[in-house]
Structures are given as C-alpha cells and as structure tokens.
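First chain A sits with chain B, and in the next complex the same chain sits with chain C.
== the complex of A and B ==
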C-alpha cells in the first residue's frame, strides 16, 4: 500500500533528480525550446518540497494536489500548468483515502495524463511529455520498474519525431533529431517514482 | 507590479447608472507587451465610459513567462460582477489560464478565456466591454477579430 509519506518521498526524489538534471534539461530545451525547462522545473519542485514540509498534507491525494497547485503557481513556463495539472488531477482522483494500492494509483495517474492531454491538446507522437507518460501509465500495471523503462524508451523515441505542439512546433522539420525536453523530464518523474518504490 | 496594471476606470455611464462592465485581462509572456496592448486598447476605445482593463505580463520577476499570481490579481482588479474576459498570447499563458480556470476558485466567477488574436482581440474586447456589452458579446467581438484577413 502507498501512503502520504510515499508520495512525499516521490516529490522530494523528483526535486533532487530535477536539480541534478537541470542542466541537461535546459540543454535539450536550447535547440527546440526557449532554454528554460531545467531551471523552471527546478524552481517548481523546490517550491513543492518547501510546500510539503510546511503544510504536511496527510493523504496521498492531498500531497499530489498541493504539489500540483504549487507547480502551477511557481514554474512560469508551460511545464507549470502541464505538470501541475498532471499531479493535481491525479491527486483529486485519489480522493481522501489514507492509503491506496498500486492499481488505484495507476488508474489515478491515467486520469492525470488524460487531463494533461486535454489541457495541451497533445496526442501520442506529437513529441511532448505525453510520449513518455502514456507508455509509463500503460506499463504501471506490471511494475514501477516497467513504468520507468517505458517512460525512458518513450522519451528516447521522441528524437526522430517532428514537434506538433508548443514552441518547438514552429521549427517544423528542424525539430527532428532532438529529444523532447518535456518527455525527458517526464521520464525523470517516473524514474523517481520507481526509485521511491525501491525498484 | 501595479505599474503594469492600467488604472481600472469605473464607468461614467454611457451604459446607465450602476451598469456592471465586463473586465478585460491581457496576459502576455512579456510585461511590456501586456502593458502596451492594454494602453493601445484603452486608447482606441476612446472617450466616455471605459471598461476596466488590467495587464498581467511576464513571470512576475521581470522575466519572460507567465505568472498565475499576476493573472489572478489582475482578474480580481477588473472584476465588476459582470464577468472577466481573459486574452492571452502563447503557450504557457494559455495553459496557465486554463489551469487556473480548472482550479475553480483562483479567478472571479464568470471568468472566461477568450479565443482571439491578442492585439486585435484586445481592442475589440475593450471597445465592446466599454459599450456596456455582456461577457458573451465581448467574447464574440474578440473572437471575430480572427475573421478579419489582412491580405
């Protein structure tokens, strides 16, 4: 079973990974974006860690809802509302249960991913975070480790795609050949999840 | 950031005493763009009653980006009880407003993201709102700016 502490540790682990990978994310965001993905997410997840320490939400749903709200208000780029919506909707779908099982979490995360697709209007293959998140949710039924592999493969598979959403889409064919920074940060988020689960 | 929020002007009342005007919020990645478009739109709306207009530009720290705090504050500033029309430029500005709307309690009731070109839509929205039109009419006027082809 997964409790509030598990989700707090997931968010903290994500903050650590994002800080560690911020330069790589920003480097990926330089050729096809506006070179702020790493620093934006770093600021956002640092604020998430602080908010979770300050407020001490005591259910899985409350942890993720607070994390999502914090990202929306602190990131300043498109990744704020997108990751914010992902976590907030996932949190809301979890309701007020003190503990949830893996299957319930997988279902809730799917609700969150659906909400992100609706918000951004992105479909699989558009070279966005969805290309890492959807395979991860599909694999989450097997294990956290499978979800991590699926997200990483999904992020790598964005390289040959042409971007159809966001600033990268203005580059047309010139977006081909670059790994998508949003899919990469999504893979980091899912890797932190697997790490938190000890897988 | 009050210097970036144009003074909301309460109606002197072409639309009648006690008329509730629709407020307009302009969200851009750039504080200068948002403030300038607000200036342009209020300037072109001209004399008489002027609907309240507020700019919410940049990331709040002087950089390019979107600040949900600035957007919420701007919407509260222009809310006169007749609804608030929000116009945005690109990317995170659009997504942040949508996320705030989905949040439920971050923006005044009857706040709408209006699908319109930023500059032309802002002028149409402010002129229409200043004439005392309701939120649906303001939205329609701003959206109609898409149909005006330049070539």
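== the complex of A and C ==
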C-alpha cells in the first residue's frame, strides 16, 4: 500500500532528479524550443518540495493536488499547466484515502494523463510528454520498473518524430532528429517513481 | 556572451525594480510580477490585461498606461506568466466592467490565460479573451500549434485600449480586438540568434553569411534559412509573404519592428523598402511606426506587420496614449 509519505518521497526524488538533469533538459530544449525547460521545472519542483514541507498534506491525494497546484503557480510556460494538471488531476482522482494500492494509483494516473491530453490537445506521436506518459501508465499494471522502462523508451522514440504541438511545431521537419524535452522530463518523473518504490 | 546582468535568476525582478524607478506613473509589484497603471481601476472602464514571457520589451509592461493596457504580467524570460499573476492583474484593474485578456498564440500563454480566466471568473470578475495569431510564416496550422502572435499584438493593445478608454463595454472592446487581429498579418526575419540569460549563449546557430526567414519572437528558428540578402530583398520577401495572406482594400497601419539589436538606421532603411513595395502594389498607407516594440532580446532582425483599418480603427489608433513604450497626443 502507498501512503502520503510515499508520494512526498516521490516528489522529493523528482526534484532531486530534475535538478540533476536540468542542464540536459535545457540542452534538449535548445534546438527545438527556447532552452528553458530544465530551469523552469527546477524552479517548480523546488517550490513543490518547499510547499510539501510547509503544509504537510496527509493523504496521497492531497500531496499530489498540492504539488500540481504549486507547479501551476510557479512554472509558467506550457509545462506549468501541463505538469500541474497531471499531478493535480491524479491527486483529485485519488480522493481522500489515507492509503491506496498500486492498481488504484495506476487508474488515477491515467485520469491525470487523460486530463493532460485534453488540456494540451496532444495525441500519441505528436512528440510531447504524452509519448512517455501513456506507455508508462499502460506498463504500470505490471510494475513500477516496467513503467520506468516504458517511459524511457517512449522518450527515446520521440527523436524521429515531427513535432505538432508547442513551440517545436513551428520548426516543422526540422524538429525531426531531436529527442523531445517534455517526454524526457516525463521519463524522469516516472523514473523517480520507480526509485521511490525501490525498483 | 556578455550581458549587463547580475545573475540569470534575478533578471526579471531587477528589470521590474528599474522600471518602477523610471515610471512612477505605474504601480510595479516586483514580488508578484504585475505592472498596473497607477489610477486603476478606472470607474466604468473595461480592464485590459496582457502578458507573456519577458525579453520582448517594451511589450507588454511598456504598453501599460492611459489609452492602452491596464496591466501586464511579465513571465520568466520567454516563458509565459503563471495564472496567479493574471488573476492578480485582473483583480487590480476590474472596476466591475469586466476584463479583456489579450493572449498571444503560444501554447504556454494560452494554457495559463485559460486557467486564469476560470479562476478570475470564480472571483466574480467577468473575463473575455482575444487570441492574437498574426504570423503568416506559420502556414499549416493543422500540423502546428497555429499561427504565432507577434507584431499585431501592439495594434490590438493600442486600438482595444483606446476603445476601452472611451468607455465601450466589454463585448464591444473584445469584438474590436478580434477585428484588429483578423485584419493584421506579420512576417519576421532574424539576422542573428538571441541569447537568453539562463543559457548565456545563442539559442540557435546562425552563421554570419545566412539569415532565417519567418521567425517568431522566441529565438526559435524560422521557416527557411538562406544566404544573407539585401534590405530590399528581405523587404520583398517579407511584404509579399504578408500580402499573400492579406489583400487590403482599405489603408493599412504599418509596423516595421526591430527584434532588439538592429539599429534604427537599418530599420528606417528597411521601412523605405517596405513603403516602396506597398506603393508599387497600390496599398495605401495610413500610418507607419518604426522602432523596437516587440523584441526578442538581443536578436538582430526585423518584422513587418500590416493592419487594414477602417475609419473607426484609424481614429482609435490615433487616440491619445501615454505609456513607457508608446506615447502620443497626451
């Protein structure tokens, strides 16, 4: 069973990974975006860690809802609303239970991913975070480790795609050959989840 | 890349402190990043709020004041502001007559303003939105996020601002803003890439002998790269791209806009070429504005925006305005 502490540790682990990978994310964002994905997410997850310490939410749903709200309030750009919505809607779907099982979490995360797709209007293959998140949610039924592998493969598989959403879409064919920074940060989020679960 | 900054993290806050010191007629909330005209909310007047990433100065903070925007929200460099800033701005300028959000068509700006509109409406503020998408360099909107909002933002903010100042109601101001956007088209070129403070080096590699045609305002590469051209050739390419999409029957407003690092000497020379083409094509010019208005940090280059106007729009364009970046008639 997963409790509030598990989700707090997930968010902290994500913040650590994002800080660690910020330069790589920014480098990926440079040829097809505007070179700020790493610094924007770093600012957001730092704020998430601070908010969780200050408010001490005591259910899994409350942890993720607060994390999502904090991202919306601090990140800006497209990644603020998209990551914020992912976590906030996942948190809302978890309700007020003090503990949840892995199957319930997988369902809630799917709700969150659906909300991101609706908000951003992106479909699989558009070269966005969805290309990492959707395979991860599908694999979450097996294990956290499977979700991590699926997200990482999904992120790598964005390289040959042509972007159809966000700023990279303005490059047309020139977006081909670059790994999508949003899919990459999504893979980092899922990797931190597996790490938190000890897988 | 040498920059006149302290550290990248405080660039926006430092600029806001300096802006506050230079413009006592503005209320600048440095911590929450909202710039508001000092006399807001003005009784009975529709509020106009815009915002977007920093790095495009004077857009948008430089266009806050009587006759134009009521408030602006600057985000991080090239990053949309967050909904909290927009809600704060809306609350500061709403007199009960409602607030118009002027949003450039970039995914981040659109998503954050959408969220802000919901939150502001929860607080009882009536919100209308207009999306600016004037960039003809983006041709196939089925496969992109749609046309970008660039130079026409200035026309929308000025004309809608004048209409709000006259006391027109929210739905009329919104309709006018849409009308301006529908009649405006832009095309931009880059002679050099720009450098964001966070990265500290050019955002893309543009060799000395080449230029990018069809750029937006975020240092993103454009639609096509070619060997460097003369001012005349660039003007031909740019104005033709605009006129392919806009066939003006009425006179036009012309904005020859610098991207930040191109001197006025070059911009005026470029404008001479733009005016020559318009004259050759029989397009009457009502007014022309030349300068750095919608910039892209230290990018060299220029954009051309044409906006077809009727008598009402032209009168609103000529109406008095007093902002840091645009000022006439008062």
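Here are a few things to note about the model shown:
Assume the second predicted complex is superposed on the first by the 199 of 199 C-alpha atoms of A that agree within 3 Å, B and C clash if a C-alpha of one lies under 4 Å from a C-alpha of the other, contacts with A are read in each partner's own complex, and residues count from 1 in each chain.
As a working rule, contacts are C-beta pairs under 8 Å (C-beta built on N, C-alpha and C of every residue); 3 or more make two chains touch, one makes a residue touch a chain.
Every value quoted in this text rests on a predicted model; they were computed, and no experiment measured them.
Superposition of the two structures on chain A shows chain C clashing with chain B.
Contacts of A:138 after superposition: neither chain B nor chain C is touched.
Of the two partner chains, neither chain B nor chain C is touched by A:102. Of the two partner chains, both chain B and chain C are touched by A:78.
In the superposition on chain A, A:153 makes contact with neither chain B nor chain C. By the document's definition of touching, both partners, chain B and chain C, reach A:120. Touch criterion met: A:162 reaches chain C, while chain B stays clear of it.
In the superposition on chain A, contact of A:3 is made with neither chain B nor chain C. Within the superposed three-chain model, A:69 lies in touch with chain B and out of touch with chain C [touch as defined at top]. Contacts of A:172 after superposition: chain C is touched, whereas chain B is not reached. Chain B is struck by only one stretch of chain C after the chain A overlay, and of the options 40-48, 202-210, 220-228 or 256-264 that stretch is 40-48. Comparing the two complexes, residues 34, 36, 40, 72-73, 76-82, 119-120, 166-167 of chain A contact chain B in one case and chain C in the other.
Of all residues in chain B, only 59-60, 63-69, 90-92, 95-96, 98-100, 102-103 touch chain A in the complex they form. Residue ranges on chain A touching chain C, taken from their complex, read 26, 30-31, 33-36, 39-40, 43, 72-82, 119-120, 162, 164-167, 169-172, 174.
The touching residues of chain C, when paired with chain A in their complex, are 8, 53, 75-84, 106-108, 111-112, 114-115, 138, 140, 143-145, 148, 196, 198-199, 203-204, 216, 218-221, 223.
Remark: chain A residues 34, 36, 40, 69, 72-73, 76-82, 84-85, 88, 115, 119-120, 166-167 touch chain B in the complex.
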